[in-house]
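Structure first, then comments.
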């Protein structure tokens, strides 16, 4: 019944430097130094709210550990791991691969602690200590592919956790639901030919990475049908996301029959996020999480582990995460979303036809998912 | 031929306090102190970029002055002016009316300097010293009505400038174009029955203020037809805004025949803004400004004055304003938008039907605008 | 043997607003808004270092509670408590009394939680759950007198704790050692005529409050001799402070025979602090704490509770507090002061004659302390 | 009669990164990322206060240019210039030499603009356009030696300016007064054997660099006697500094008979500075500047150019610089030091014997200065 919670100050100390939003400072070319958009502020405020709300006291605090080389190499190439380590050893840090993904000095160790936070939760679930869990980690992971970091991600934390669940704990089928506003391209690619891991990504169409996450990306070889994408148009909100959950995500999970559900909990599809144009509120996150919890209860003994991904609004992110965590825990705290009345009206527009079209296209692919040969075992 | 530029450090010192985004801090209720979203950062960076780019050296720096009581009272009620003054006199400041619009200690004087910056530009235009101008002012103004501040606005700077142009400088017809992402409700209300001032607002439908800025709001009494609204759906971008300019704004200006065009240059419809969900880029702002400059050249001897309104992305706002200012000046600097390639793809989607519907509805109202009785005079 | 640790995110959320250092923002008079010097940064970084160092795992986390009205009134006047409450209820907060001590919205509750953090530690000591403890609280307390806040202090946390120890837990004699760089005037005044509480303040001469903390301030009536002050000249460092400990503080404690030692652990006498001119390093804080721990072991079963007071260097404060906490705990962590080599040379000057003069004058007063009538009881 | 003023936003964009005060971030070793102590904040606020006070309107704004390679090489070795350039070309920047002096990406160009700002002032003085001048530059310069940067300094701006004055403008004798709290070691070393440049440094004894700036460092070879040092003890204030001006600096200038006085205006000896332990106030800076202005009037047609050096208090630095600039300009603005009453008492202690000893030792060396062979020419 317990919910695990992973947090460590090192996550906040991952140093993304003085970029102006996402661009490295370049003063004489007109790019004034500032702060990278993926900075600790939103996550620090989130952790403090979780503590202050009283929720922390109801959680089982799980201590993270550093992922080992063996664990990293289940997902990443040796060259990539070595690259991150080398960049991290530089006094001023470096970049994970695309020029927008800073690796701070020492971030190799921190990134291993982020991945290891997820591993600790998976083990706690497998050991029966917890049924649900949340890892409030930095750096994020879902854009990292086997051989490169990108989109602020160094290692793919959730992919490493999924492989760990399969390899070490013998869980047969893993579903990864990713509702970060950006395409979970790294996770998808890593498992693209793997029938044992179902990836489902809800995201803003053609946002990041460019030209990635279309519906026709549906898995390959043995994994055909086991990658689902719902590229929602910019401006999509509560109605479109809930409809996607009901029409695509839950049916897909029901058909796949996972032994564990992993959630890439980027909350950057919220209505105040600077890095996307979606319109979700805490109410959306709450209801979506509730649907996942119910599915987990129905399908895999409630096993549901969430990893923190994107979320760049310092002031709204904390409430979005609190809503997710309250639902994972099955409780509510004394803290209510103070922005609820402000956003109630303008985020409530009905589902629009061009949104429904995208959802329908994704729903059409659900039957391609292979159902489990046997009933999942505890 | 000169372009005037108004800036003063007092604008940056307008103190909006420790709100968490827009909500006043309330620690024990879970609202951690932070920084108000309408803080100096984006504007400070904008001014520094204008200086560093070399553009400042090509502008005619116009010194702002404080708007007088007489000038404020041309637009606002005595009770409202007194309210702002009283809140400003409080040691810790107060609020302009809606609970989200901080009045810092001393902000009464600063707000008068903001309004007075516009007045100085109007006078410089009337005197023939400049033809175009930009006032990089804080606090903003377009939400302020005759009797209250709201939406971070204390006094309606542009409305005060328009009245000044009419009353003191005898300009017969003023057009106010407002492409801030939020409805220019204050300006609209102030001139709702006034046939001599045409207000046109492009904004995100039903964003802020709630339930304001619909197409059917079209002016009243003598001013019937002289208020235009284009409430574009969330997720609207370059194509929708350019189409609006071509199909609504420019035809409306041509029909109205203004003696002066005022621009409420909120740049919060840009693709990174946290306070709206639109998708404009510097290219959009550049092209929209170019269209306005051409209209001003054609209609009113080039007279075009822009007031800074919203714009909450610290890192992207400066480039949006630079694009506007370059077009006002008819020059380009050595600084190119460093985000151009990043946003090129995902902001380029074609005009969508539900956007076109809104534009059509607004365009249908253009013929209601009364053409000038006589040819505009210099 | 355990060491208790009190921390709560509300302490960090105490909102001291936009003062420029210590002066309230006053833009038109030339005081640009900034951040109050007593802001959360140094304390937040301290807590994160305690966690990251691994020390947190060795501490007994003690949950703070809000001090009750009865508990506050043991030290403060009803008028003062009511004043803080009323200022705290204001939407924008107010001031605790001297114009430099912001009371944020909701700070009344937070200040009660700060005082209550100390109370929880005192109770845990009295119950035998811990022998030493540290309360990383905000707002600070040592300048607050019975009837007013000042110097960033709202309620006198340590005085409330001392009265609680006396009244509720029956501890007969309390010693309060205050090595904050500023005079512990509030604590001194509250107990000035009280022979059961010995106050000893080491501070920079004539710094804050003005003209306070001279050697001749030595207690009155029944409390005569039970207030000690060591007003060290600006520029005093390791040698002067250690000499003071050996020649004044420890002899005074030995003579007084306390049942509990309370420590006002302001670390603003460190060499990087902006609010004083002293030159202490982590080595000084470590050695001074070791001397207090030894005295507590010798005199009162090891009972020693520290309250966080001043400390305004965001980057050096954490290491100073870590040193204190390591000594309280009797352990060392893997974290060594990274500034040690930088400051080693220039903080090592020998004791100077004008410093020794001050110390001698204070030492001369130690014999005036009344020794306990009976052996202290457990 | 005019006073020149050099400022450019590039100075503020010099990127010193995420050091924790002065130490590069090293998270897993316990050094949390923060902001380097030499960041733009204090200088930005200074410039804004100069503008807001009205003083900017009375100054002659002098446009800086980038120092040429020839100009840099008059002071620095080719290897050092090349090192700075190479570090600056790195995407994430590098370090100027000692590990505490960040070179941001692009800082090579900015550092040349800082040196060039001083060059522009020297030329304006030589051309008779101004008599006094202030360069509000970053990065600072006085610690940089011929072959390395250190102490946050990349190139020695003032040394380059002095050489320029000698070589290009034919000024025979240059005096450099340095009252930055730290030893002007770079400037001293560069001119240590040069009899045509007198260097005088007032600083905190043995602060930075370690073991540098003792009285016995008095010049060598031809330059014997032409380097003066006054290593004042920590805690020195108004009285000690004024005494030093009267007893050492002014007599030295009178004896030397300079054609131009350069001032290294570090204001980090002020009472709130985190990087030193001295106790100066705006009144001190005002009076010291007045003495220099008078000396310049008497000795060299008023020629006095100040370069901004250290000064790390964001809130007090602006007033210190304003005081200097008012005296250079011979005017006062409406802005009075708002901290004046706060610091009046505790910074007013009389000259102490151990301070006087240091001053006497320096004064004894003044007669070693060689008087000019001929009367200085205009």
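First chain written, first letter: the chains are A, B, C and D, and each begins at residue 1.
We adopt the following convention: a residue touches a chain if its C-beta (ideal position, glycine included) is under 8 Å from a C-beta of that chain, and two chains touch if they have at least 3 such contacts.
The chain lineup, named per UniProt: A, B, C, D = Acetoin utilization deacetylase AcuC.
What you see is a predicted model, and the numbers here were worked out from it, not measured in a lab.
Asker: Which chain's mean C-alpha position is the greatest distance from chain D's?
Answerer: Comparing chain centres, A lies farthest from chain D.
Asker: Looking only at C-beta pairs that count as contacts, which pair of chains has more of them, B-C or B-D?
Answerer: Between the two chain pairs, B-C has more contacting C-beta pairs.
Asker: Let me have the rounded angstrom distance from the C-alpha centre of chain B over to the C-alpha centre of chain C, please.
Answerer: Here the centre of chain C sits 51 Å away from the centre of chain B.
Asker: Centre to centre, by mean C-alpha position, how many angstrom separate chain C and chain D?
Answerer: That gives a centre separation of 38 Å.
Asker: Please report how many Å separate the Cα centroid of chain B from that of chain D, as a whole number.
Answerer: Centre separation, chain B to chain D: 44 Å.
Asker: Could you list which residues of chain C touch at least two other chains?
Answerer: Only 9-10, 13, 26, 29, 32, 48-49, 52 qualify.
Asker: Where on chain C does chain A make contact in their complex?
Answerer: Against chain A, the touching part of chain C is residues 8-10, 12-13, 44, 48-49, 51-52.
Asker: Which residues of chain C touch chain D in the complex?
Answerer: Spelled out, the residues of chain C in touch with chain D are 20-23, 26, 29-32, 34, 37, 45, 48-49, 52-53, 204, 206-208, 210-211, 233-237, 271-275, 277-279, 313-316, 318, 334-336, 338-339, 342, 345-346, 349, 352-354.
Asker: Going by the contact rule at the top, pick out the chain C residues touching chain B in the complex.
Answerer: 9-10, 13-15, 17-18, 24-29, 32-33, 90-95, 104-107, 109-110
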